[in-house]
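Once you scroll down, you'll see the structures, which are given as structure tokens.
One chain, chain A, appears in both complexes that follow, with chain B as partner in the first and chain C in the second.
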Partner chain A sequence: MTALALSLLVPWAVGLLLVVLDGRRRTVGWLGVVTLGATVAVLGVLAADVLRGGTVAFVTGGWPVGVGILLRADALGVTFALSSCFVLLAAACAETLLGVGQRTLPGLLVLLAAGLNGLFLTGDVFNFYVFFEMSMIAAYVLTGYGGGRAQLRAAVIFASVNLLGSFIFLVAVAGTYRVTGTLAMTDVAERIREVPPNAAVAVAVGFFVAFSVKLGLFPFHYWLPTVYADTRPAVAAVLSGAVANIGAYGLLRFGPGVFAEQLRLSATVLIALGAASIIYGGVLAVARHRPAEMLAYSAIGQVGYVLVAVGVGGPVGFAAAVLYSVVNALNKALLFLTSAVRGPLVAGAFVVGALSVAGVPPAVGFVGKLAVFRTAVDARSPTLVVLLVVGSALSLLYLFLIYQREFWAEEDREAVTDAEVRDAAPARGVSRRVPVVVLAVLLLAGGVWPEPLAAVSGAAADVLTGTANGAGP
Partner chain B sequence: MTGPDAPPGPTVIVRVVARLLLAPSVVVAVALIVKGYTAVGDGFAAGMVVGLAVALNAVALGARRAEAALPVLRHAPYAAVGGALLALASGFFPVALGEPVFSHRPGPDEKVVSVGKAELMTAVSFDVGIFLLVVGVVTVLVHQLAEPDQEPQA
Partner chain C sequence: MTLAIAAAAAVLFGAGAYLLLQRSLVRVVTGIALISQCAIVTIIGSSLSQGRAPIDPQEGGPLSDPLPQALALTALVIGMATLALLLALVHRVVVTHGTAERDELRDVDRPGAGGDEAVRHEGDETE
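Showing the complex of A and B:
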């Protein structure tokens, strides 16, 4: 219980202090990194508690259940919180080493961690919304980091589209309360079965659209390429590695966790949308020239795998979705962060990330891809298996196109015009490569020794199928 | 704002009313915080009342002159952060005692020390924190909307 409260308190309180201090000073930047490190450590303790002793939960103020707000850490929430905070830590580390250019950056990164922890560790739909907004507001400001025209445009697009998404989410929350009379997730999951099917489907679609916008799935992706390509590498890493986790977690928590019946009804649609995302993202990534843009389209393709796994469902599908989300967060963090630094070590790290995205062993992406393939085989769908193979082949193709242009033909870099001064002259100091290399080593280690990751995602899937079995017929 | 003699903005009535409303709005805000818990009122509503008075002053006098007339507004960012920290401290202190967060002291059915109508309990300090946060944020917003830090690029 203490670890659960501390995982909110530490980033929240220190983040507020850091926002006031001048983040351009080195000490403040490192204080942010240390705070994020402490948050990851607290989450690690919490994860150990949860995996060993089951869900940790308490109601605020010691009120009876149903009156107070339920804070709940289960395997699913802790997994997502841990991976998101880890990505934030890596991004904060990388940006501090390069030199922070804006005074609020460390504070915002830490506050983003507080918001994400809050939404991953709550058992209440409205509380989820509050923390969701808290992290999104931090993310809106972060998108403008750098202050150039491109960044401001990205921030305006990101904020307006995602405010619309948040509004749809809020409407869905209101609808949930209207039809079920409760906002506690477990109660909603139980009472939704007695709700008229049309109303339940309408609410479920509202949640689905809201999370798809956040995740950048195929028909809702239109904002994503501009935003990911125009923001600073560290911010792009945070957006695709930590903020996008909200969408994946929301789909899992609200899909099988709350609207299990509606999810079963719409499984075909989800798989079709996921497949469209994979092909669309892959094909357009090959067609683009700027590495950041290719990575952005790659992100659209990668989240398709998560949606396919959620659509197929069952213990195998959900475990695959969790595993793939975590792996994808780390992959994307690594790839976006490599675009800020250069050197042979970074090139090596990029290769590891590329192999991981394509699902080639020994990188951890192989484990994720394997889980998704297993899901497709379980669904007895040859089409799906072929599609996943095509998607992986496309990702290998575009990532090595980037590799060839960026790391082999370095003297031709001027051909890839970029308004960004710092992007045009990527940093070369040895210490600046440390976060990227550490991430790459981690991806390799996860691939060589995948048991912990598989066990954690299995436990997370058990949380979902447990409620689905309890709530289903 | 062109000249100091004939500001083209609101009339003298608006400016006077804005100045006059400031003190009563603070009184109403205090009443809202003190009255809360047994009657209508909380820190957020109180903060909005004072925030609106500050915003009205900025509309009537112009942000720069409103801030010159009320130098205390310069501390708004610190009020916002201090308030948020006070609210967090009031919510999370039970962690040190091994209780769920937002367990307030004195607890239910315990004796509450009160000064006049004001009850001294952690729920009130939480609301004072929220009050400071809301006032601070509204003031900073008004300031930023009136005079953004960066010059807009034409």
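Showing the complex of A and C:
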């Protein structure tokens, strides 16, 4: 319980302080990094508690159950919180080493961590919305980081599209209250069974659209390439590695966790959309020229795997979805962060990331891909297996196109007058490459020793299928 | 009453969606503001019950449901904050790009983003 409270209070309190201070000063930047490190440590303790002793939950402010705000940490929420905060830590580290360009950056990253922890660790639908907006507001401002024309344009697009998504979510929340008369997730999950099917499906579709916009799935992806490609590398890493986790978590929490019946009804649609995402993202990534844009389309393709796994469902499918979300967050963080630094070490790190995205054995991506393939085999669908293989082949192709252009043609780069390259000022100091290299080593370590990850995602899937012990108060 | 509220929410969403598709960024922001109001009207409509204000309830008599009111208040505050942020963003865009038209933003885009745009405003990138 202490760890649960601390995981929210630490980033929240320090974040408020950091926003006031000048983030361009080195000490303030490092204070942000230390805070995020402390948050990750607290979440680690919380995760150990949850995995050992089941769900941790308490009502804030000592209110009776049903009146106060319920905070609830189960295996699913803790896994997502831990991976998102870790990505934030890596991005903060990388940006502080390169030199922070705007005063609010450390504070915003820390506040984003507070918002994300809040929404991953709550048991109430409306509370989820409040933390969701809190993290999104931090993300809107972060998108504009750098202050250039391209970044501002990206921020306007990101903010307007995602605000629309947020309000659709809010309408769905109102619908949930209308049809069930409650907003506690466990109660909603129980009472939704007696709700007329039409109303329940309408509400479920509202949630699905809201989270798909956040995740950038195929028919809702239109904002994503511009935003990921035009923001600074550290911010793109945060958006694709931490903020997009909201969508994946939301799909899992509200899909199998609350609207289980509706999810079964729409499984075919979800699998079709996921497959479309995989192929669309892969093909367009191959067709693009700028690395950041290729990575952005790659992000659209990668989330397709998560949706396919959710659509197939069952313990295997949900475990694969959780595993793939975590792996994808780390992959994307690594790949976007490498675009800010240069050198042979970074090239090596990029190769690890590329192998991981394509699912080649020594990297952890292999474990994720394997889990999704198992899901497809479980669904007894040869078409799906073929689609997944094509998607993986495409990702290997576009990532090595990037590698060839970015790391082999080192001399040609000097001639390029691309504004992004000038902005990013390729850094050559050894210390600046540390976050990227650490992430790469972690991806390799996860691939060599995947048992902990597999165990955690299995426990998270148990929460969703209702076989976990201790479902909260 | 539910029908009236549903109609009001539908009109607000429709008007908001129409404005969202306009070229002027100020209209886009207005559209988002209208859609946020649609969400709040929907929340109020989600539990309509006639009764006295749910503060210091006395014996007997129906009470109106306090939860949607609390939700609507919270949503209003969040909506206002995001609206202020969005307006500030548009203001920054007007200062940097010198225009509040969505299509003109694309024209001053960074070279290479769309593939074939000419290299313009080379020096303006850092200010």
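Just so we're on the same page, the second predicted complex is superposed on the first by the 457 of 473 C-alpha atoms of A that agree within 3 Å, B and C clash if a C-alpha of one lies under 4 Å from a C-alpha of the other, contacts with A are read in each partner's own complex, and residues count from 1 in each chain.
What we mean here is this: contacts are C-beta pairs under 8 Å (C-beta built on N, C-alpha and C of every residue); 3 or more make two chains touch, one makes a residue touch a chain.
For clarity, every value in this text was computed on a predicted model and none was experimentally measured.
Asker: Tell me which partner A:G365 touches in the superposition: chain B (first), chain C (second), both or neither.
Answerer: neither
Asker: Check whether A:G301 is in contact with chain B, with chain C, with both or with neither, and answer first, second, both or neither.
Answerer: In the superposition, A:G301 contacts neither chain B nor chain C.
Asker: Mind working out whether A:V130 is in touch with chain B, chain C, both or neither, as first, second, both or neither?
Answerer: Only chain C is touched by A:V130; chain B is not.
Asker: Spot which of chain B and chain C makes contact with more residues of chain A, would you?
Answerer: C
Asker: Who does A:G247 touch here: chain B (first), chain C (second), both, or neither?
Answerer: Once the two structures are laid over each other on A, A:G247 reaches no partner at all.
Asker: Identify the partner contact of A:G313: answer first if only chain B is touched, second if only chain C is, both if each is, neither if none is.
Answerer: Once the two structures are laid over each other on A, A:G313 reaches no partner at all.
Asker: May I ask you to decide whether A:G343 touches chain B, chain C, both, or neither, giving the answer as first, second, both or neither?
Answerer: neither
Asker: Mind working out whether A:G274 is in touch with chain B, chain C, both or neither, as first, second, both or neither?
Answerer: Neither: A:G274 stays clear of chain B and chain C.
Asker: For chain A, which residues lie in the overlap of the chain B contacts and the chain C contacts?
Answerer: 147, 149
Asker: Which chain C residues qualify as touching chain A in the complex?
Answerer: Chain C reaches chain A through residues 9, 20, 25, 28-29, 32, 35-36, 38-40, 42-43, 45-47, 67-68, 71, 74-75, 78, 81-82, 85-86, 89-90, 92-93, 96-97, 105, 108-113, 115, 119, 121-122, 124-127.
Asker: Applying the document's contact rule, which stretches of chain A touch chain C when the two form their complex?
Answerer: 126, 129-130, 133, 137, 140-141, 144, 147-150, 152-153, 155-156, 159-160, 163-164, 166-167, 170-171, 173-175, 177-178, 181, 183, 226, 229-230, 289-290, 293, 417-420, 422-423
Asker: Considering the complex alone, what residue numbers of chain B touch chain A?
Answerer: 77-78, 81, 84-85, 88-89, 92, 95, 98-104, 150, 153
Asker: Help me check something: in the complex, which residues belonging to chain A touch chain B?
Answerer: 1-2, 5-6, 8-9, 12-13, 16-17, 19-20, 58-62, 68, 71, 147, 149
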